[in-house]
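Going by the order they are written in, the chains are A, B and C; count residues from 1 in each one.
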Amino acid sequence: MFNTALSWSDLAFLAQGAGMTLAVTAVSVAAGTVLGILFGVIRFQVGPYWAAPLTFVLDVFRSVPLLIQLVLGNALQAIMKLGWAPFTTSCVVLSLYTAAYCTEIVRGGIDSVPTNTRRAARSLGMSWFQDMRYIVAPLAVRVSLPSWIGLTLGVMKDSALVLWLGLIELLRASQILVTRLQEPLFILLICGAIYFIISLPIARLGGYLEKRWSPND
Amino acid sequence: MIEIENVRKSFGSLEVLKGINLTVAKGEVVTIIGGSGSGKSTLLTCINGLEPIDSGRIKIDGTEVHARSTDLNKLRQKVGIVFQQWNAFPHLTVLENVMLAPRKVLGLSQEKAEEIAVKQLTHVGLAEKLAVYPNRMSGGQQQRMAIARALAMSPTYMLFDEVTSALDPMLVGEVLDTLRMLASEGMTMICVTHEMKFAREVSDRVAFFHQGVMAEIAPPEQLFDAPQNAETKKFLAATH
Amino acid sequence: MFNYTFHWNQALKALPQMLDGALVTLQIALLSMIIGMAIAIALTLFRLSGNRLLGGFATAWVEVARNTPALFQIYMAHFGLGNFGIHLSPFVALLVGIAFNNAGYLAENFRGALKAIPETQTRAGRSLGMTSLQAFRLIVMPQMLRVAFLPATNQMVWAILMTSLGVTVGMNTDLAGVTQELNARSFRTFEFFAIAAVIYYVIAKAVTLAARVFAARMFRY
């Protein structure tokens, strides 16, 4: 059963793929979160009526398959002659995709802070920014964190689609090995296990923070 | 007749009923008072077989509740119970809540079940709420609906488990009025309650439970005005 | 503007073909939901059964479905099963992959819905003389459906979006597949995929809207 043609250098190749998955995920989640916070605050601040165009655009990112978004993003950068590498294009598209989900999470988090708590802050003479910084942000982060962890894990899985633009991430690396070694099940099982191994610490961290933060408030 | 003989019941290492003996005759109203954790609510859920017992016997009209051969679903049609939390079925209208068991358990026709349900709901003063969903009503109204729901099975016996404890003080009166009405109609009832005034008014006998033991049972005048047991005295002094 | 001429006319001529593809997309999504739902019910029963083997199997299914990429699951169906001499067509592989994914997420959804119905509801039913099966069917189940409905709708939208992954295993009859074929012949990538995006968006919104209307009719409490 363990008579496999898989060599150490093949495993290193898979690890490289996993590294690419992690890199794309890290960049996209970081940029997407920053954008998501920005959009979320705007959506909350200007109200549903004025935020409607923004809401619509973000909703499009959640209602069109990511694969189509990647192809469109790539076509657009070619049309505009930006000359982006696949990695850049992938990260830009995934960041916007992440931002679309993150915006909802952030808005939900801000929504969850009771009006009276905010009134109390403002009546102590805090500015809007101080209220946001010292009152709303800490409370909203606690509420939003589980969903944000879920989003991060989701983006990590969805990042597999960047293989369509030619990036060799974990799944594409596995596919290449499958084609070469003709041991599809074995190699794909390793690939699945690596996804699990990457997910677990993030999920655990989320569970830990959730437990630590939730009971005493 | 409900006959309770030397019933014992434990949850883990905690013995909540330590040999209870009580006989309730047809038409009698018995109220049970006592502090929390005295085992009074547990006794009610044992009477209709929702909880198993460890030893002893409970017989309803001669049928042993916890015998293997007993068809509990059949027996429960005879013994209605209303809980502290009214447990309205939120997905059904008030009328449907009351009709459900007569239709599905007794197998009555739609028309017959509706007739019974309307009659019982009118009886508890909810004739105008038939098409309303329970979550649109007050707790008192929902509790009266739960009473009508139990009555629609035409039970011989009714068990009431602290039915006013979860209600706003303002709403307690309307539910107690419904219970008074049932008592005056001759329904056989066992009520676990914290409402001393109500217990004094409607009961034929009042039982005081203390730490899993029935410390005292007597007609209300005697139990409230001249309690014999030291624990009863303490309890009454604390609640007055 | 970008020194690029958009050829929308050429792309729009292919619209009927793309709409045919959209029908295939809907068909796969719907089928995968029906299969996924049936499996999810079985998995939920396995988890409730108390049997360690069945429970472990269900938990493993749910974990794999939720913690690996959907594309990975489709690859498993398409390439992985080849180890056993099973070679699925792109259509079947896509269907199997998405149904697998749906089953995992729906099973988790059902479990949450079951938890959301308090034990006292069953108790109230039992105290009226209902059998446990009656109490489940008449009282717990209808309430569960309401709790589970919205997440199930979201899963349906996901299923529609996931069908686009078929193109990576050679699927060429669904919307993404048809679009890719058109693109390969004409290289008007942006135009074709933009139209595909609009169609996906419309389908997703139509499904969401239909589900909302349906829910408003069904769950009136």
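Keep in mind that, in the parts below, contacts are C-beta pairs under 8 Å (C-beta built on N, C-alpha and C of every residue); 3 or more make two chains touch, one makes a residue touch a chain.
Computed from a predicted structure; not experimentally measured.
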{"item": "Each chain counted as touching subunit B and subunit C at once", "value": "none"}
{"item": "Farthest-lying chain, centroid of Cα atoms versus that of subunit B", "value": "A"}
{"item": "Most extensive contact between chains (C-beta pair count)", "value": "A-C"}
{"item": "Per-chain Cα centre nearest the global Cα centre, belonging to chain", "value": "C"}
{"item": "Length of the line joining the C-alpha centres of subunit B and subunit C, rounded to whole Å", "value": "48"}
{"item": "Distance from the mean Cα position of subunit C to that of subunit A, given in whole angstrom", "value": "21"}
{"item": "Distance between the centres, which are taken as Cα means, of subunit B and subunit A, whole angstrom", "value": "55"}
{"item": "Complex contact set, residues of subunit A against subunit C", "value": "60, 63-69, 71-72, 74-76, 79-81, 153, 157-158, 160-161, 163-164, 171, 174-175, 178, 183-186, 188-189, 191-192, 195-196, 199, 203"}
{"item": "Sites on subunit B touched by subunit C in the complex", "value": "48, 50, 73-74, 76-77, 80-81, 83, 85, 87, 89-92, 100-101, 104-106, 133-135, 146, 149-150, 153"}
{"item": "Touch list for subunit C against partner subunit A, complex", "value": "2-4, 64, 67-72, 75-76, 79-84, 157, 161-165, 167-168, 176, 179, 189-190, 193-194, 196-197, 200-201, 204-205"}
{"item": "Touch list for subunit C against partner subunit B, complex", "value": "120-121, 123-131, 134, 138-139, 142-143, 146, 219-221"}
